[in-house]
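Following are the structures in question.
After this come two complexes, each holding subunit A, first together with subunit B and then together with subunit C.
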Partner chain A sequence: MLRTPLTVLLQRLLAGIPILVLLSLVVFVVLRALPSDPLGMMLPPSATRAEAQALSAALGLDKPLYVQFYIWLEKALGGDLGHSFLYQQSVVLLIAKALPVTLELVLVALCIALVISFPLALFAYSLYGKRWGVVPDTIVVVMQSIPAFLWGLLFIALFGVFFPVLPFSGQIGPDYHLPTITGFMLLDTLLLHNGPAFRDALAHMVLPACALALGFCPLVVRVLRSCLIEASREPYVMVARLRGVPARRILLRYIQKNALLPTITMIGVQFGFLFGSALLIEIIFSFPGIGSLMVSAVKSNDLPLIQGVTIVFGVLMVLINAVVDTLYVVLNPLLRDH
Partner chain B sequence: MEQGVAGPQGLPRKNAVLRALQSLSPKAWVGLCLVLFAVFVACAAPWLAPHKPDAQDLLNMLLPPMWSANGNLDFPLGTDGLGQCILSRAIYGTRVAIVVAVSAATGAMLLGVVMAMLAGYFGGWVDRIIGYVVDLWMSFPPVVLSLVLMVGLGTGVVNVILAIVLVDWTRFCRVVRSDVIVVRRRQYVAAARLLGFGHWKTMWREILPAVGPLIITLFTLEMGVAVIVEAILSFVGLSVSAGTVAWGVMIADSRDYLHEAPWGMLTPVFCIFLLVLGCNALGDGLRESLDPALREREKEQG
Partner chain C sequence: MQDKIKAGRRSFLAGGAAALAASMLPMRELLAQGADQDTLIISYPNDVPSWDPTALTLPSAQSIYATVFDTPLRYSPDLKLEPMQISKWEWQDSTKQRLAITLHEGITFHDGSKLTMDDVKWSLLEHPAQDAKLAIRGMFPTLKDVEISSPTQAVLVYSKPTPTAPIFLGFLAAFILPSQYIKKVGMDGFLAKPIGAGPYRIVQYQRGSRLVLEAYDGYWGKKPAIKNVVFLFTPEASSRVALVESKRATLATGLPIREAQRLGKTPGITSEIYPISTMYMVKVPSYVKPFENDNVRKALHLAIDKSALSRALYAGKAVPLSVVAIKNSPAHVDDYVFPYNQKLAMQLLEKEGYSLKNPVKITLFTTNGTFPNDYDMARVLASMWKKVGIDAAVEVTTAAKAMEQSHNQKMTGLMLYNWANATGDPDNGAGRILDPRLRFSMWRDASLGPRIDHLFSEVDEAKRIAGYRELLKEASEKSWVIPLLQGVDTLAHDSRCNVPLQGNGYISPRLYSWKK
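Take a look at the complex of A and B:
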């Protein structure tokens, strides 16, 4: 079989389609078959049974489940995810507004996480098997026990309350009223050449992004460290050492290259984890992203919105996995077809 | 049948637990102590807590902890916005955390291990179907999945446990399956089959003990995950019913009084951290001392 990067990308994307359909089916059944009542939130307590039935018919909730799913799927393929009960707005519009916020947060956090993890992993590797090897080991175990949302709360207590140096609510101060260009706040303020707004948005980004990054770090450190150890046992390392190549050069030029491959795959696999944590971080820091949207939808049983957001999460995961697999083929010459 | 075969004898079985305890690393000991301490606090909550968790003292609202200038010795960690003792609430919150951690991890383990056994042992189409379900499940952020499940199930401790089990069994399944596949090809498994062991007996007597250490390790790690997920769900307001004390609820309540009483938030955060640290340290330590392959490699290195 031909394995050029492009075919891999297409293959992965195609394989994602049945996953997405199945996923939406599962979510659909879970949301509708289990005892929750979306009408309860929309009707006044004084509503009569007839009124409830009328509303149920108007929303299409009285039809059999498979008919409902078929209608939903047909519309979703046409780019229409329905109408939110809660916001009285199109789900697609709501998501389009919230998605860039989350993506920006997650990407900034990923960069910070990589910047922190790589030195830490190299440090842990360099002490592996030595007497002080327990130090980085302990750091990683302790860090692993602090998920992103606890970091967020700690940061708020530390830098928001005890030493109030950084803002911890919202994406940007309330004094700025900026037109939306891309939806990415940092990018928008840059495009508008609005220096103070950019600095303010950046200040608002520091705490949530760092919290998210610190929650992600231990995973990256662990995998990279064990990949480095694994790679250092390969025969070519011994050969290089016997030929007198300096240890630092072996580490940076020989070992690291091979350790990076599995690490990249792991980061891709765990990317979903990052989006999941971002959900909590958004609530804690009042970011109007897709996580906040999801939680408010969940709290008010807004079925179309929950369904829409979960599908968007699913699409994101499929895309990320496809890109990671492609990247893997691009980076690893052994997998390519000659 | 099997009595007739005198294989090589291992060390007497009754020493197994003792030997396992002796071989624990310091890390595992720290973890074990933390977890046992949390279990003890959860059991002895009514005797340890100075106040009832829901007793409101409206004259003593938002008290600082006792070591600050106007602290009150009756409320060692101060009070929250309703005049409830933060220490007592934290102590009672341990109960929900421990119950959820143990039962959710047990449920996820049972479901995951059964699926992993079936998939790894029988292979073929069973493996393909289970593998596909696991892939489907894992292609999704767990937090989002548990939120969706909580909407469907409604709030309550039992439903939280159910949601965690339904989301997290895949962790067990994927990891244990790959181990089962390896063990299944061992000669002693073939020997057991030749001796006339049925499929179930082979799985139970030959394969399960071989993957046991891995399962125990995953179990302790899963306990930590369950504590975090429960805290997240109760923080969002989707976990326990109103009136139940949980750490996540305490955090959510304290956000309104962050500037006046930061201890109301820091205490549950610290509790979650300690319990999760205990689970992780224990799981990590167990993995190192129970996994013979890893131990061999370490020896080689050292």
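Take a look at the complex of A and C:
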């Protein structure tokens, strides 16, 4: 059977459905098994135990677990992830507002990471085995040793306090009151043809996105450099050299192209982890994304919101993996015929 | 190979140049933030969870709610109940079940409509009756009717004597909502576009990021001196410090004590570490061994050097407490001091068969980051206890988990706790902490229930306060709950701004002004 990119995409997406159902079941059971009170935030100090039980009944928390899960699943399939205990709002609505913020941050960070990583990997490859090869290695080790949130704090201290050249709180300055179109701030400012707002939003994006990106770069640099070294030892590279093909052309046309395949797989897998790092970055830079939402939900034990955000993370992972697998088939024709 | 090297270097340099160009985005207008005399930028740790201020009793949200909605009554900086939207209140009967209230003339909501007694009745009585999830239900449990005689006059009728009813009109969740507006746009419409009757109206709100407010021209009271207020929601403490230090924020609250001290030495920044109406205490579960033992509990209490705790963790600003009431509050027992006495603590433990070689083993639960230095305080307490023969294992928990365990009588150790009582009245302090029927209570002595009920309905104020003082003293003496320190809050602000401090720790932009 011929495997086209589209069939691969569909297969991966369909395979994700049982995974998501299983994930929702596990999260549902674990959350309710925890000895933690979801009503703690909702009741006043004067609330008696009887009043707590009445509220528990009003929220359906007194029903057997399987009944609660059935009700939740039935509604979830209809696009209703419940009502947040803390925010007293629809979980879907809360996530719909927060998700674009995180997606934008993560995508910009990914772009920055690639812009830094690819030249750095080529640079490291070019110095491989040489005395100065230690320079890119050191850069990579330093980047790898510092987690994203620490980069964030360093950037705030450096570019926010000592040399106050960039903003570090929120997505845009308080002077800009813009209507929401897509929820992606940079895109919205462009759609509104508001140049100053775009510049302001971009300036607000620089530090958090760079902090996130620097945590991601070392992996890309290391994998790409290793793949470049490995590919450069292939017989077809030797043949090309013997035929007098210029070294630059060999690198860009033959070596880099083949080294990209495993790198893309790794980027796809690690891209999911960027969402995890974004959680702390959002807190530090006051980005109202899905990470901030998750932290608030966990702090107040807001069961529907934790459940909803977890499912959305699950959906994102399924989508990312499906896209990576598809991309792999697109880039590697050998995988298409069986 | 040399070509390859050049290509790599060129790519790297090109990439570096691009990265540098991307970082050259500073804009002068961004740096101007915080310097505008018409604007006050507050870096604040928490957002409001919901725009229905009657839904939750969350102390950290009260500052923002009061700024947008105003309060029926309010507490002065030194915690005295004062008129606000309600200009006058008085009991009509000796049993304190009929409270006559008068609204100020000319109060309007941000849409220009008048705030009347219909709104009061809807907010305190009808709205809570429609929704079992609203926290305001628990704040006015005995309110059975609001008898309206005119748009500005009414009588609040209580089902049983409720002598402390007025304090709840200046406390959590007591906000008057625009009933007609809500009926017109629906609750979801209101939550999406809330209006209140406070000194500031909402211009823009982005959940979890910022709230932009503008002084409301139609406000009935004294107009705020600063026209625009921006709350930047900054959950990370180091980011709040950086915002105020870089002058991007005029004011930041909830700072780590050491950072507040450091910022205080920075030119142009004033920092405050000040006592507020919260109490740090150790809650004792009566149903757990060895806490049912009088001598063990008393030894726990005697072994704590509260002044040393304050000096070590709160720059000496947290006032040591002998009872669970803050100093200068009505029920504080001024002439009573619970001693710090390690020797006596060891003697009491010895009577129960414990010693330094054979210590009594207990668990102390604490939160980490819920209030300033909570985890550090737990560790210091453990080290103080160790010196007298008490081996305390410190375990971190969450407020939600502790609540669940307290609710189900499943606490297995002591709990370090922060109790916020913005009114300073003992009804909201000892009356809740020691009531065995409430979920917050860990000391479950059934005989305390009727005693507290009696104090709740005692109409003679002198007798009520005397009764509470007696209860507080006994609770401390018998160590049913171990009072530690009056809580502190921190803030740092631009020295050019006048920032009067509030005894309950609330932020009140309406009172702030720029120095001339």
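By our rule, the second predicted complex is superposed on the first by the 336 of 338 C-alpha atoms of A that agree within 3 Å, B and C clash if a C-alpha of one lies under 4 Å from a C-alpha of the other, contacts with A are read in each partner's own complex, and residues count from 1 in each chain.
The criterion applied here is as follows: a contact is a pair of C-beta atoms (placed from the backbone, for glycine too) under 8 Å apart; a residue touches a chain by one contact, two chains touch by 3 or more.
None of these values were measured; they are calculated from a predicted model.
Peer 1: Clash or fit: subunit B and subunit C on subunit A?
Peer 2: clash
Peer 1: After the superposition on A, what does A:Met317 contact: first (subunit B), second (subunit C), both or neither?
Peer 2: First partner only.
Peer 1: Would you check which partner chain A:Asn258 touches, where first means subunit B only, second means subunit C only, and both and neither mean what they say?
Peer 2: After superposing on A, A:Asn258 lies clear of both subunit B and subunit C.
Peer 1: Per the contact definition in the header, classify A:Asp200: touching subunit B only (first), subunit C only (second), both, or neither.
Peer 2: second
Peer 1: Once the shared chain is lined up, is A:Leu86 touching subunit B (first), subunit C (second), both, or neither of them?
Peer 2: Only subunit C; A:Leu86 stays clear of subunit B.
Peer 1: Touching A:Val27, do we find subunit B (first), subunit C (second), both, or neither?
Peer 2: So A:Val27 only meets subunit B here.
Peer 1: Applying the document's definition of touch, where does A:Ser56 land relative to subunit B and subunit C: first, second, both, or neither?
Peer 2: neither
Peer 1: If you tally the residues of subunit A touched by each partner, is the higher count for subunit B or for subunit C?
Peer 2: On the superposition, C touches more of the residues of subunit A.
Peer 1: Identify the partner contact of A:Ala157: answer first if only subunit B is touched, second if only subunit C is, both if each is, neither if none is.
Peer 2: It touches subunit B and subunit C both.
Peer 1: So in the superposed three-chain picture, is A:Gln270 touching just subunit B, just subunit C, both, or none of them (first/second/both/neither)?
Peer 2: So A:Gln270 meets neither subunit B nor subunit C here.
Peer 1: By the touch definition at the top of the document, which applies to A:His177: first (subunit B), second (subunit C), both, or neither?
Peer 2: Touch partner of A:His177: subunit C, not subunit B.
Peer 1: So which subunit C segment collides with subunit B once the two are superposed: 4-12, 238-246, 382-390 or 454-462?
Peer 2: 238-246
Peer 1: Output the subunit A positions appearing in both contact lists, the one against subunit B and the one against subunit C.
Peer 2: Touching subunit B in the first complex and subunit C in the second, residues 34-36, 153, 156-157, 160-161, 283, 295, 299, 301 of subunit A appear in both lists.
Peer 1: Can you tell me which positions in subunit C touch subunit A when the two form their complex?
Peer 2: 1-9, 11-16, 18-19, 22-23, 25-27, 29-31, 33, 39, 41, 43, 47, 49-50, 52, 55-58, 132-133, 135-139, 141, 172-173, 191, 203-204, 206-210, 212, 230, 232-236, 238-239, 242-243, 245-249, 398-401, 403-405, 407, 410, 428, 432, 437-440
Peer 1: Within their complex, state which residues of subunit B touch subunit A.
Peer 2: My answer: residues 27, 135-136, 139-144, 147-154, 224, 228, 232, 235-238, 251, 258-259, 262, 265-266, 269, 272-273, 276-277, 279-281, 284, 301-302.
Peer 1: Using the touch definition up top, name the residues of subunit A that touch subunit C in the complex.
Peer 2: 34-49, 51-52, 54-55, 58-59, 86-89, 94, 97-98, 112, 115-116, 118-120, 122-123, 125-127, 153, 156-157, 159-161, 164-171, 173-175, 177, 196, 199-200, 202-203, 206, 210, 246-248, 250-252, 283-288, 292-293, 295-296, 299-301
Peer 1: Which bits of subunit A are touching subunit B when the two form their complex?
Peer 2: Interface residues on the subunit A side: 19, 22-23, 26-27, 30-31, 33-36, 129, 137-138, 141-142, 144-147, 149-150, 153-154, 156-157, 160-162, 272-273, 275-277, 279-280, 283, 294-295, 298-299, 301, 306, 309-310, 313-314, 317-318, 321.
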